Amino acid sequence: MDTSLVLQNLLTPPVLFFFLGVIAVLVRSDLEIPAPLPKLFSLYLLLAIGFKGGLELQHSGISGPVLPTIAAAVGMSLAVPLVSFAVLRLKLDGFNAAAIAATYGSISAVTFITAESFLDTQKLPHDGFMVAALALMESPAIIVGLLLVKLASTQQRPDNGRMRWGAVLHEAMLNGSVYLLVGSLLIGYLSAANSPLSVEKMLPFTDKLFYGSLSFFLLDMGIVAAQRLADLRRAGAFLIGFSVFMPLFNAVLGALIARGLGLGPGNALLFVVLCASASYIAVPAAMRMTVPEANPSYYISTALGLTFPFNIIVGIPLYMALVNKLVAPAG
Amino acid sequence: MKRLDLIISERELDAVLKAIDAAGSPGYTVMKHVTGKGPHGSVSEAMDFSGLGANAHVIVFCQPEVLDRLRQGIQPLLGYYGGVAYVSDAEPL
Amino acid sequence: MDTSLVLQNLLTPPVLFFFLGVIAVLVRSDLEIPAPLPKLFSLYLLLAIGFKGGLELQHSGISGPVLPTIAAAVGMSLAVPLVSFAVLRLKLDGFNAAAIAATYGSISAVTFITAESFLDTQKLPHDGFMVAALALMESPAIIVGLLLVKLASTQQRPDNGRMRWGAVLHEAMLNGSVYLLVGSLLIGYLSAANSPLSVEKMLPFTDKLFYGSLSFFLLDMGIVAAQRLADLRRAGAFLIGFSVFMPLFNAVLGALIARGLGLGPGNALLFVVLCASASYIAVPAAMRMTVPEANPSYYISTALGLTFPFNIIVGIPLYMALVNKLVAPAG
Amino acid sequence: MDTSLVLQNLLTPPVLFFFLGVIAVLVRSDLEIPAPLPKLFSLYLLLAIGFKGGLELQHSGISGPVLPTIAAAVGMSLAVPLVSFAVLRLKLDGFNAAAIAATYGSISAVTFITAESFLDTQKLPHDGFMVAALALMESPAIIVGLLLVKLASTQQRPDNGRMRWGAVLHEAMLNGSVYLLVGSLLIGYLSAANSPLSVEKMLPFTDKLFYGSLSFFLLDMGIVAAQRLADLRRAGAFLIGFSVFMPLFNAVLGALIARGLGLGPGNALLFVVLCASASYIAVPAAMRMTVPEANPSYYISTALGLTFPFNIIVGIPLYMALVNKLVAPAG
Amino acid sequence: MKRLDLIISERELDAVLKAIDAAGSPGYTVMKHVTGKGPHGSVSEAMDFSGLGANAHVIVFCQPEVLDRLRQGIQPLLGYYGGVAYVSDAEPL
Amino acid sequence: MKRLDLIISERELDAVLKAIDAAGSPGYTVMKHVTGKGPHGSVSEAMDFSGLGANAHVIVFCQPEVLDRLRQGIQPLLGYYGGVAYVSDAEPL
């Protein structure tokens, strides 16, 4: 059953275009999606996912499992960095360990979106409040990461080691991608309540184009991930192992919590994917600014070069099987 | 007069420009989307969608005394974040 | 009734995304839509609005109120700069007064488009020939502005003050945005007559995507307008007052003319919006080239930093109320 | 009948927008579609045409005329450069003759796409395997071109004239545009077989937007082609004549082969268009790298400045008439 | 030989390039999308959609005598529209 | 120290960067999307969609001895494909 789910996932356009990008790098094709075109798709996807999440949140209301689920998600984004840090410190210094830990506590919006598309092709329903959980998992992980830096750093840092917490919180909460996602969520929520006609007019943009745009963007992500994979090889076996086993561990943890929350299989898969995915947008940007001592090729390459492809290709169907076993045996 | 060429990460650009203004420079010019390689490794535009940023190339034409003040403001940033700064001679056309 | 219209306008995605952009600047989020992505949306909107206008013009024919309305619109684009110039000369030199005057004689396509979207959500019909009026109001205002420069300038200008009228007319008539708008209008007009099937195939692009693309573009416009607002504060109370009261004055004038023309409420609103809006695309570009003595931060910041947001947020519903009162009491 | 077809073709949005671009250059409007926006449309069109071709190939199966047609197409991409070279050597040196010859052996994807749109407005069916033929005609022409360079070059070349065939084959087969087209074709083929639901979700992106995006891109192509036309005038009467008569000659040849293959009128037109069109993407890029001795303004200006507009404007309807006469008298 | 660096508005680029050609320069290089700050205020790409244009950075490598002719053609443009021009020494590799 | 400015076609960029690395340069900076005019004619971004490529501007700050090795690696490329290379003096800030 696992392998059939893997195959069903593999042979959809988003995943196939991701492969096309990976292979382009491997065979050294000069296929390139020049900047800032990837940014267009990335902004679009955040806007659309936020807007759609807001609509659904308006329709479903903020009740039942909404608040507990969001709280659990935020909890995971605080807990995962701590566990990850403990593991990473076995081999890495405090700066690098903290930066990678923050990365894994946070989420990958594109992995989440790909999981939603997977659920749609499986005709499994899922809810808009999961987008709110997504949006709220970026910032806490950054803050925990920086606290870990502060605790772990014996080394001299500028400003005599005093963190500029204003700058840090700003980076964590007002990072462009977090801001756009949360803003679009609110806009979807408000529009749905007040102007159904205008929502109707948004849908061809936010809804109909979504799947194709995701596929196009994943073509670029495939190119970028494959370029990063080479870096990762240089980073060594420990980090390669971490990039695969940590997500799996977090996925199992996530599945158990999803069962505790009583989530349906769709929402449960999304919850697991949030736990198992790692950030390659907001967190690396924040770490680059606030922890320049850490090597970006470590935290970007683990999250983007291996964990991301792993999740996109085999992770999502695997987690689905996990959810089917652990959470919703009847689903 | 002097010409200063700075190559730094786009992420540090605001701090660098603030330092240039603070040094009393008559102006500056910025080119973004610059890539390259240095002691800290390669910088490309591949992660452009992530806000990670490529490099920026900043040019300042100024009097030698401004340069002295620039040195003080910019050296610490280069020391902590990386980047290069070179000075040459230049005369107004 | 006014406030309910304002609220109805406020809580639609285009206006909310505009706000999201404004707030991004105020809270110093690093959200950014890098060049040339805004240009993509701006070109798209001009192409789409022109094409749709052309279709409608083909269907409605050039009769009834079409020519008088277009003539009145062109007349307003000649008259508004004269009045504005007289007001602005109270405080500003001839160069700056002329440049700002030209800006207010011309139009803002995005304001027009947002007004059309507002009418659509109000289910009020409007006609394609209003797009022709829009297209024809850019050039005259530029020419009047430059005549005013010539008359008012006592200062020495290069080429001994001789205007290079060839260059000026070229700038006024063949500016990229005017050219694309007029061209798309003609293409819509011709296609609708000759190839209905091909029009059918254009509509998903020009029609269905329109509202979402407008919303995305307004996110960027919000960012840019908010950046300009800071400039405007430095420009002082006189220009701030001008940026709000001049549009209101022009709106009342426009509403009276719309009544004279016997326009329905939809077309009347669009006419008023044309009168009340100011150009931040074609005119500033032309002024930058031909009147370098004027300070761009004056004419851009008034038009874009205050008049544009004012019109988008409260102007359009206000003008609707005005139209309901003055033009079509039964509407 | 010819002139009515020409007119029907002329008054569709894609061709009219192409004209709008050409005229923008002639009247020196500053209308510009800045890089990399044209690249966005070009990548999109390749992805969409490939994907749609793959879907259709899956539905029609690989049987009947598929393999003979593809073989004939590849044959033409080998034969056309040889004939072209013989003609061009009358006036040009070996390097330039070989580079232009390769250009005409290859194809123009946008011409092909415009021909498909023309067929759609004529309600004539055509098949997905023609996209496979399109994809397979780029590489052989490049290789023949480089063989011709090798044979014809008496001049000293670097590496003592030894061709770096690895690099050449790489350039020919893995050029970004060829790679994306072939990859998207495979993805369409695989998705259609395995995940009809996901194909359904791709269609608003790949199908509905296609015609509008083509029109937008042709606006840019009009600008670029018109800029190239000026170069071509400098290149002289011989190359101008070649740019029109060679496509006509190849079209007649193509029509005869299409008859031999028993193709229906839709596929026959596409086959003729493949033969008659010249590459301005993959081949010039390859020639620039591997034959720097040839003057790019020759091979780009012939293909893009004259042959492309000729095909778009009068070629396609002309070839349709030819096909109606030669291939399918009853069609 | 000499190296000339010009920083001007994109809107004046055509006029400047015409002047460079007219001065008999062997070539030039142009970087667009350049931003900066000078006596006339800040220039950003924020209004890029408007055709208002950012700055352009033009580099010319040429003989000293070409520079003299360049000075005559370009000084009036810089005087009227703003922009900076600096000269340094450069030798072919 | 020395400053080397290279202007070449984007298509040859990889080969040039490989030569720079091979010469033992401590780093380099690349600006793409550069246009210009030279002995081989005009280069614009108009055909950007085609993979034909505009120019790239490469800057290298290095010791004089690296420059000698750079000359050997880069001259043949410039000779065959075109492009310009100029050297000036530059000192670290």
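Quick notes on this one:
In order of appearance the chains are A, B, C, D, E and F, and numbering begins at 1 in each one.
In this section, a contact is a pair of C-beta atoms (placed from the backbone, for glycine too) under 8 Å apart; a residue touches a chain by one contact, two chains touch by 3 or more.
These numbers were taken from a predicted model, which means no experiment stands behind them.
The greatest centre-to-centre gap from chain A, using C-alpha centroids, is found for E. Of all chains, the one whose Cα centroid sits at the greatest distance from that of chain F is C.
Chain D and chain F have Cα centroids lying 33 Å from one another. Centre-to-centre separation of chain C and chain D, using mean CA positions: 41 Å. Counting partner chains per residue, chain D shows two or more touched chains at residues 30, 34-36, 39-40, 175-176, 204, 208-209. Counting partner chains per residue, chain E shows two or more touched chains at residues 31, 33, 51, 88-89. Within the complex, the chain D residues that touch chain F are 34-36, 38-39, 41-42, 158, 175-177, 220, 223-224, 227, 280-282, 284-285, 288-289, 292, 296-297, 300, 304. Touching chain E in their complex are the following residues of chain B: 1, 3, 17, 21, 26-33, 59, 61, 88-93. Residue ranges of chain D in contact with chain C, taken from their complex: 7-8, 11-14, 16-17, 20, 23-24, 27-37, 40, 117, 120-121, 204, 208-209, 211-213, 215-216, 219. Interface residues of chain B facing chain F in the complex, by the touch rule stated above, are 4-5, 7, 31, 33-39, 55, 57, 67, 70-71, 74-75, 78, 84-89.
Chain contact summary for the complex, chain C toward chain D: residues 35-36, 39-40, 43-44, 47, 51, 170, 174-176, 179-180, 183-184, 186-187, 190-191, 193-195, 197-199, 201-202, 204-206, 208-209.
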